[in-house]
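The structure is given below, and queries will be raised subsequently.
Chain IDs A, B, C and D follow the sequence of writing; residue 1 opens each chain.
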């Protein structure tokens, strides 16, 4: 049985411990980076041209710039575009729960195509869907029902206000399509913690990481995921390059 | 005038002597025009008018029962034709081993009709005590039938045959459950009749209506059994 | 079972029993009328929104986003919201207005009175009938507020769109289940209604009131309840199948190998045509369920207001009966291009053409009866006459749709919409209006304002034609129905016509507010009505008071000595002789 | 008031008839072989319906005009011939009329539906889905590869679910988003729906047929006039129904071959 004084000490000590733990995790500067490039090895698959003749607006929009599918987009030097990179292991609880910084990710419908084709975001982060087109689209994300993300299906007439939404649990990746224009499809990639997406050269940078050991995962809609272990130390950025093999 | 119309075809089911005691026990409202139904003279025109217009009309309880039966027939006809269309529509139609107990249930239901007939006979020969016993027997048989159906469903579940397992199982459950619900309806009616009989206030029409319904549900089940055996 | 036959004829006591859970067929009739009134104005509001959207597609309708956050963000209607409004408009109007008002409301109120009975034989069933129907209505409305709104599959709810669930579109999940449940409830409610109507007509007729002396209305309601019996008994299981396909994963209506949004659906081997067969087996009789009571009401009111019996009682009743019979053999004409066997299309085509004959006969009876008559003009008779005109107009376009070859061109175009709106919706509404102006004095003991009534008629009559006649032109030009916007090049030239229709619709709709005002104002402040304001003959005018006492005829029930339409005779009362008056006519005066 | 009603009815009847008589809004010009019969049928029906419509409205109006607010002692007169006459009239006039229409109409229907497609008809497969049509041409081998529902993917532009690696017949199939057909050659259209009910309607072609999921139907027709036309969906199929359309090009034979080459290059 404990005496009163001991209890008092314990009571005083507990908050202090908590404080200390908290200080430790949040104290380290979160300025670490992971950079690298993602390449495609071998001949990229044939990307079929998209025939938008169903909707004159779309055809007219691309009158002199024929569009192709965007499932696999290879830039110069085999750089693979639209690959999402995120930290699949190594983040502390507080890092995971930290609300995403920066502006709301925006998913635009332009010329009856999705820009960007792949939109990464943090779980519970607000993102918005806007339309620049003068034709009605409907946005129909189809998450896996087992993840707890709820599918929805909303139309956006020209000039309609942005649709603002969030996804509550991590899911790589949620396909999104427009039923009115069946060729329109893209992905919402919902991750926890920092993320990045490759540009047309296939290069990326994940910012805002405290020093530590991490597993970086790269996801591409056709080729699936690859993972690498990386050690981030304060100051200089760590590098992780990925190479996908063409099927 | 009301005097003249006071007579009714829908008399109490009990013989005068008993009826008198009944009236002292549980007074029954004197039936009024419009609610005694029955006799064609109820709607026959007064002597002053020509007779061509005279026409027949049954007690409203029983005509209501015919209406009800018509509706039920339509429903089950719809389901049956749906079954036939559905069977023809695709190749995924399997055949189902009917639980043996269904045959027992059929017997039970047939017996219930039979016992209801006897009850009617007893009423006719004004042996009211036996009559009521037979009513209880019928009630028991009805309940036993429903319990039997329940057991049949449990058996199928234990074999892993559920509503959505395959098209014919869907139809099996729909048909049997729909029929069971109608039997339960009949059981409610029967309990009402028994209550009336116990208060010695049972009317011929009420009883006749119940019998019609009960026998109909029985015949319906025979039809369903044939359908199940042949198609499912 | 005659469970409640005898025991309820003490006057009701307590507010609840009197006005809410009343067993009195008159109160139940009024409740049905109230339900229909709410439903019709709701349905009209929906049609206003739809018309506005069709006229000016990207028009922002202020405050629309209050109705639907998702469907109309920024007040601009989305395609799915348009379709949801359309579905609700159709469902509400067909089921909760065109079926309840002329059949359930007036039928409940006047069938027992016109046959000289104290009440329906099974008042408890009658009460349940209303409350179940009301529950159905509320379930339907609730779909506005759950999930992503009501179903968008149209009132015909073709499978598999209606059966595969939310993946097929907004409202196809919860909204769809609510739709099916609502309609199932409605069917049960109406079955309970028929359960009362038929025995009332057969068994509770007053002394001397043989089948040959029933008013046209009683025949109409009797025939309608027989049709309703078969129709709703078939739709109920269909709705249950639909619900099971949603919640239990069965495959009644969903075939194998459906790929929706790149997802292979789990269902196997259902038949989509099965739904269409079940639905239209109900759906076509439903059209006549909506219109036959109108025919009865119009015949009844017409005969009263032209002061003579119609040409032939037997022919009119016979025609109504044969229409009822034929209505079950023609439903396939809704499915000419639905992939039915082309031969069966022909088999359905001829009965459809033949059903025009009894319809024509009835119209000829009406018009022929006008000859040499003495027409009295009042709101009721105006609407009755308008009914004839509208019914003919809507009817002739049926010649086209009855023929499969022409249906290739006109199926699913605005021609069809124009046709059924005129012949079913407008005509039935005219019947309801006529009935209201005619029977209001009996139902509420006060007269309606005739001037407002006539004004209401003129605006409605002209407006209805202005709205629905152009639909036929649109259809001929190939304008497809159920489009929320017209993006096809060949429809661009038709948009001005759509704008015109929209304006007409708004105006005509506004005119209905006159009716609403007249109804409410007359209910409380109208001038007291005499017992028999129209000098009519049938039994509802022989009740001791208006509205009649709880047992309709007070202590004694009427005895009937004459058929229902003794007009143009020389009697002590004038040019008419009431059914219940024992007065003998001089032989030459009888027709 | 009654006279006003009579006048109104007549005015409305005439106004309603004018656009029909002047062909203000008319059927789109027919470009099909079988369409002539249908148009004929429509105009015949229009004539008979029009006459019955005008006649009924006029008689109604006249009677209302004549027999409203008559004096109290005016005599009630009976329609000459009475009910029997009218019933006979209904049977003779309307009855024969509608039956005649039905019988003539049967021809038109038969020409569209009861005639088997010609041997040399060009087979084209159309697949309807929410909310677009896609078309498939069999290519040189004249055979369609089988549809694998599990392979159908709009994301990969594999609209028909073709297995290019295993099915030989699929390799040369040409999938297009718009429909090109040669003029004056019969087309045998094989209709497949991948999700819900749709319909194939080309007003100028006088062709309308529903897609029934789980049941592949086929229709056949011949276009007689080159040009650009619209294929629209007439069966409510979801939120994009109004925008479910495709263009139909009727080419001369050599233009058609050129067009098909172009499409093949895009595969």
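Worth a mention:
One rule holds for everything that comes next: a residue touches a chain if its C-beta (ideal position, glycine included) is under 8 Å from a C-beta of that chain, and two chains touch if they have at least 3 such contacts.
Since the structure is predicted, the reported quantities are computational estimates derived from the model, not experimental observations.
By C-beta pair count, the most extensively touching chains are C-D.
Of all chains, the one whose CA centroid is most distant from that of chain A is B. For this pair, chain B with chain C, the centres built from the Cα atoms lie 33 Å apart. The distance from the centre of chain A to the centre of chain B, each centre being the mean of the chain's C-alpha atoms, comes to 66 Å. With centres set at the average Cα position, the gap from chain A to chain C is 55 Å.
Chain B and chain D have Cα centroids separated by 50 Å. Annotation for chain A: residues touching 2 or more other chains are 136, 138, 153, 155, 175, 177, 179-180.
Shown for chain C are the residues that touch two or more other chains, namely 78-80, 169-170, 255-256, 261-262, 269-271, 273, 485. Across the assembly, chain D contributes residues 129-130, 154-155, 214, 238-240, 243, 245 that each touch 2 or more other chains. Taken in their complex, chain C has these residues touching chain A: 58, 70, 73-74, 76-80, 148, 166-167, 169-170, 261-263, 485. Taken in their complex, chain B has these residues touching chain C: 1-2, 5, 28-29, 31-35, 37, 42-46, 48-49, 52-55, 57-61, 63-65, 67-68, 70-72, 74-75, 77-79, 81-82, 85-86, 89-93, 163-164, 167, 170, 174, 178, 189, 192, 203, 205-206, 209-210, 213. Residues 78-80, 83, 152-154, 156, 158-161, 164, 168-170, 255-262, 264, 269-273, 306-308, 311-312, 315, 337-339, 342-343, 345-346, 349-350, 353-354, 356-357, 360-361, 363-365, 367-377, 382, 385, 388-389, 392-393, 396-397, 399-400, 402-406, 408-409, 411-413, 454, 458, 461-462, 465, 469, 473-474, 476-478, 480-490, 494, 497, 568 of chain C are the ones that touch chain D when the two sit in their complex. Listing the residues of chain C that touch chain B in their complex gives 1-3, 5-7, 9, 116-119, 121-122, 191, 194-196, 198-200, 202-213, 229-230, 232-234, 236-238, 240-241, 244, 248-252, 255-256, 268-271, 273-274, 277-278, 281, 556-557, 559-561, 582, 584.
Chain contact summary for the complex, chain D toward chain A: residues 129-133, 154-157, 159, 176-178, 238-240, 243, 245-247, 266-267.
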